[in-house]
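Okay, so chain A shows up in both of these, paired with chain B first and chain C after.
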Partner chain A sequence: MKFWGVRLLSFVLAFGFVYGLDVVTQTAFPNLYRLAVLAGLYVTLAVSLNLINGITGQFSIGHAAFYMIGAYAAGFVSQHMYASQPLGPVLWLVVMMAVGAVFAAIAGIVVGLPSLRLRGDYLAIVTLGFGEIMRIVVQNVDPLGGAYGLNVKPFGEPPKILWLVWLLAVLCIAVCRNLLKTSHGLPFIAVREDEVASAAMGVKTSSVKVTAFVIGSAFAGAAGALLAHSETFISPDTFKMDVSFIILTMVVLGGTGSITGSIMAAVALFAIPEWLRTMQVMIPGSSIVAGILAVGIMVSGFRWVQNNYHESVSKRIGAYLACVVGAAVAAVVLSFVLAFIPQLAQQRLDVAMLRMVIFSMVLIILMLLRPQGVFAHHEFSWDWLSKVLRARKGVTA
Partner chain B sequence: MNLVAGLDFSILPQQLANGLLLGAIYALIALGYTMVYGVLRLINFAHGEVFMLGSYAALFTSWALGFTPEALKNGAEKPSSWMVLALMLVVSMVVCGLIGVVIERLAYRPMRNQPRIASLITAIGVSLFLQYAGGLFLPQSPPPAISEQVNPYRKDSDNVRLTLKDAPAALKAQAKLLDAEAGKAEAAYRASEQQDPPGHTTAATEDLRQKYQTLERSAQKVEGEVNGQSVKLNIPFGQLIMLITTIVLMLILRHIVMYTRTGRAMRAVSHDFDSASLMGIDVNNVVTVTFLIGSALAGAGAMMYATFLRTNLTPFLGVTPGVKAFVAAVLGGIGNIPGAALGGILMGVVETLVIWLGFSGYKDAVAFVVLIAVLLFRPGGLLGSSKVEKV
Partner chain C sequence: MLEIDNLDVYYGAIQALNGVTLNVQEGEVVSIIGSNGAGKSTLLRTVSGLNRPREGAIRFKGSEIQGTAPDKIVRMGISQSPEGRRIFTNMTVQENLQLGAFTRTDNEIQSDMEKVMDKFPRIRERLKQSAGTLSGGEQQMLAICRALMSRPKLLLLDEPSMGLAPNLVTEIFNIIGELHKDGVTILLVEQNANRALEIADRAYVLETGHIVLEGNGRDLLTNPKVKEAYLGG
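Coming up: the complex of A and B.
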């Protein structure tokens, strides 16, 4: 009884969440709807890459390729076949998700096979290379629009796209979560922890690795299909190497292996650049250099505290705060000093251009300070929450 | 058959020569990848960006020496000498060497005790950071290029020409004859045109004109045949300098690695990092020197790439050569210095061959195809040991 109750509750919560999101984004300022759609796609991408990278431990940095394959497969089919079939737009979108997922899954098998022979950084390079090969092939195939891109507009505005995007995200999260929680997921984790040992214990490592690639890429492909229809235009430039790195940053920032972490990091890393874009502030180049240097000072301070300052927790927190304050002071001082360099002071830069600089700095700083990611391998759970709350009560009582 | 029929075999040697020259640059960059991998087992993704910064260093040096776009506007000439080229090369190498050392000190050294994947992610981060921070501050629109006037040997008469196979003498004689006849016919036509009243063409002139044009056409046809049957090489002198510099640098590198104390330490560290440090080798020092040398070689490559191949500079310039050089390093057997040189040259040749085959749209994809093929079928590379890596 409890089992089905919990399942029912999850379904209700998922639909309630999407309904709320739908209402809020449609009533708030107009661009928010599109942003919510893209954020949902990034959540799907991050969680699905986490299945490959974090849970199964196969280091893949070419996730944008599956995203692209899904988008192009669905876009092409949709553009040519929508007019000659009876389905309505919403059902058609669901079918297109399936099409995108199937094509991306086939690509996932192709990429998964080298993972049987390669590991670590070599596998990373192969996945990266696969992504680039796919992008260049698409660029050179004329029926797919070549370098000019492909218009995907079989009908007007895609209806209920936010619902589909977020339900896909929820489905992806549910699949990964259930995989982790049930015995089906144990081989995946075993392969991550020690491939040789798990093979010795009878885990079929080959099929596990390929399965991870297939599931992960299928979700990315479905996300790509929705992207093609919601943006109505895709081009090879939409799926450059940078996109793969952004998704990777999300997974790594959240903590490889933690689904909660991937979701949080996806939303945060998607929201921050978009927020920067709306600021439309021009900053002098000297301030940006000062900011980057100050962040460097702060990070080296943090590292010093981490490695050399073995005092009580409160003292260490004080030391970290001192680092932050010191970095802030350094930033102010440096921006004044650097303003004397005319080339820097006269250069005005749009804050939105900082997007990828921020991504790369997050990646480096994270590796220097907390290589396991913010959430490490921990997950959010009601048990954990109630434990924390109970512990609080115990302290106060 | 159709595929082969469309190919022009007479330009193949020229393409191979171009590939060799391009491959020399790839080889220089690949050396940096392979040395760092040999010592630290780290794929230094930021190496391509060091290359990019090196080309900008060469650009700024040329500007400092007076070769700015403003100074050379409207076809103004500025004399140059080999000293300018040498200075640009040295500045670029020094700047790149220092950047490489700084990157190692700040980003890679703290990661040394972490899992290798963490270092790899850091390397990706450094690479992205240099690209996009460079995008903020480096001049890029319109993409600047090093003025060709920097190169004192840019005249056509300086080019090295070789005739590998000449057309048959009879054909050449025929071409010469036809050319002379066409010349005569043209002279006759011009003379007749002069005698005509202005604004009116007589029938005789028209006749002469048609005769001249027919002769001219057949002369051109035979000329084309001569070109098709003879095989020639035309190498700009600057690119020859590039090749020689590359070879000299590689020989110096070989000397350092094989016959000096530092080189012996480098080989020891690359053989076994921990044992080397136990034997009293200053491992940090060796890593620093490795980054210094590898990055300086990339700087040399960058200067020559930007100067002699006349590339427009952008902050993303380093990505493609970086990737190809990495593939070259893997192809030759990563960690293996002669392998990197061989792999680089092969990559250059493969790239020009793909263009020659008519798939220029795919020239950047080929690098990855080669890479995947090598990793799947001979993971150790051509010159490396072929044992499968067990981690």
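Coming up: the complex of A and C.
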């Protein structure tokens, strides 16, 4: 009783939260609405890939394939059948999520099966290949719109489904969190930790791996279904390899295995390039070069502190700050000096154009300074936070 | 209880076991000694279903189990504490024990956990600790506890004394003795031939995939060939 009470309450709260998010975004930030939808989809994608890669320890790098299969399956069905059935838009979207999830889950089984025989890099290649093959197949199937793409406008107007997108994300997070925190998840983590030992304990490692693939790809498929309806148009180009890589990057950067990390990284990695895209600031080439050099100085400083400076936490934070200040000073000085080189100073570039450069630099820096990912395999919880804070105090005291 | 008949196991083209025949009776401790690469671990892994034999039969309580999936074999009552312990280091001690009982659905898991920890008080003290922070000896104890959690009728132990200080080796062997007294049937693989033969009802000597000697533990301890090859002269 208590169990279901808690479940019901959390569901009501989550529903209230996502619905509030939708309303607030619509009224206060209408031009962010689409981005908030996409961010929510990326959260679902990253958290569901984290189930396969982080929690179960497989190495799948073709997650966009399941996203695409869900999008096309739901989009095609929706476009052809919505008019001839009685459901309203919301219920219909829920059914379409299920359609996307089922098709993607079937694909998940197909890809999950080789994972029983393949490990690491080999599995990665299979998943990547699968994604590309599916994309090229879709490109050549005319009923799906071929290379041109598929319109998904069953309701005429694009539906306002920010709340549904985030509800899916919350559901995905809840499923993964429950796996991590209850004994249901033990076999998944056991397979990640040591496959042979798990098998020796009687864990059916093969069905655990396939289950992870099925759940992970089903969520990606449901996300795809929502994408198709909110964008009202999908094409094979929407699901190119770089989408897979971005999702993988989110998982690795957040800390493989950490749900919190995947969520944070999904929002951040999606938001940073989008935010940079809106920056219409022209910067002279000399300042860009100075900036890159200064970042290099800062990262070297950080690395030095990490490796050689073993004082108390507060002193280390001071040392890091010193690196930041030093780098800032270097940036200013260098951009003055470099401004004397006319070829550099006259070449002006838009921040929006530089966004992929900045994005990659952020990734490189984080991987240099924290290869285990921002959250490593930790989860955010109040317990954890208070433990960290207490540990900090303990060190400084 | 366990009968192994003419077992051949290969890794690709390499033959690791060649016509191995042995048996373990209910309630016995049977030791297998042999030098590095003799095929001891291969034998235990094959009994557990982690390797498939090319030829030969393994019978457990009368039914043939060669080639059966490892989880079914655990359910039938054979569990293993593998070579190198292989505990789940990023999990807590308690979670390791829960995984040991993974195949069980009865409601006595908790009380069994208590019983196992009565035997290993050090494990009880560290129940909530991450298993990777245990000392080598404690990890070995945890591996044995974990194997016991499935309520095995036959317990397979692969080099439980590996890498342990002499006093811990004594402790581990005392525990094996106690388990024996409680009536657990044990198939023990060891490099520490002295201890393994002392504790065994019967023992086999394995050399490059062949059984070259068998007999009761005491007799093998005084056997000149064994003395020369495994007991340091």
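Here is the rule we go by: the second predicted complex is superposed on the first by the 340 of 397 C-alpha atoms of A that agree within 3 Å, B and C clash if a C-alpha of one lies under 4 Å from a C-alpha of the other, contacts with A are read in each partner's own complex, and residues count from 1 in each chain.
In the analysis below, contacts are C-beta pairs under 8 Å (C-beta built on N, C-alpha and C of every residue); 3 or more make two chains touch, one makes a residue touch a chain.
Remember, it's a predicted structure, so these values are computed and weren't measured experimentally.
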First, second, both or neither for A:I292, with chain B first and chain C second: first
Partner chain in contact with A:M353 - chain B first, chain C second, else both or neither: first
First, second, both or neither for A:V6, with chain B first and chain C second: neither
Contacts of A:L118 with chain B and chain C, given as first, second, both or neither: first
Which superposed partner A:V337 touches (first chain B, second chain C, both, neither): neither
First, second, both or neither for A:M282, with chain B first and chain C second: neither
Contacts of A:V329 with chain B and chain C, given as first, second, both or neither: neither
Per-residue contact with chain A, leading partner among chain C and chain B: B
First (chain B), second (chain C), both or neither touched by A:A28: neither
In the complex with chain C, residue positions of chain A that touch it: 183, 186-187, 189-190, 193-194, 196-204, 377
Interfacial residue positions of chain C with respect to chain A in the complex: 48, 50, 69-71, 74-75, 79-80, 82, 86-91, 95, 98-100, 102-103, 146, 150
Parts of chain B lying in touch with chain A, wherever the complex brings them together: 43, 106-107, 110-111, 114-122, 124-129, 131-133, 135-137, 319, 323, 326, 330, 361-362, 364-365, 367-369, 371-372, 375-376, 379, 388-389, 391
Residues of chain A defined as touching chain B within the complex: 59, 61, 114, 117-122, 124-126, 129-130, 132-133, 136-137, 139-140, 241-242, 245, 248, 252, 285, 288-289, 292, 296, 303, 344, 347, 349, 353-357, 359-364, 367-368, 371
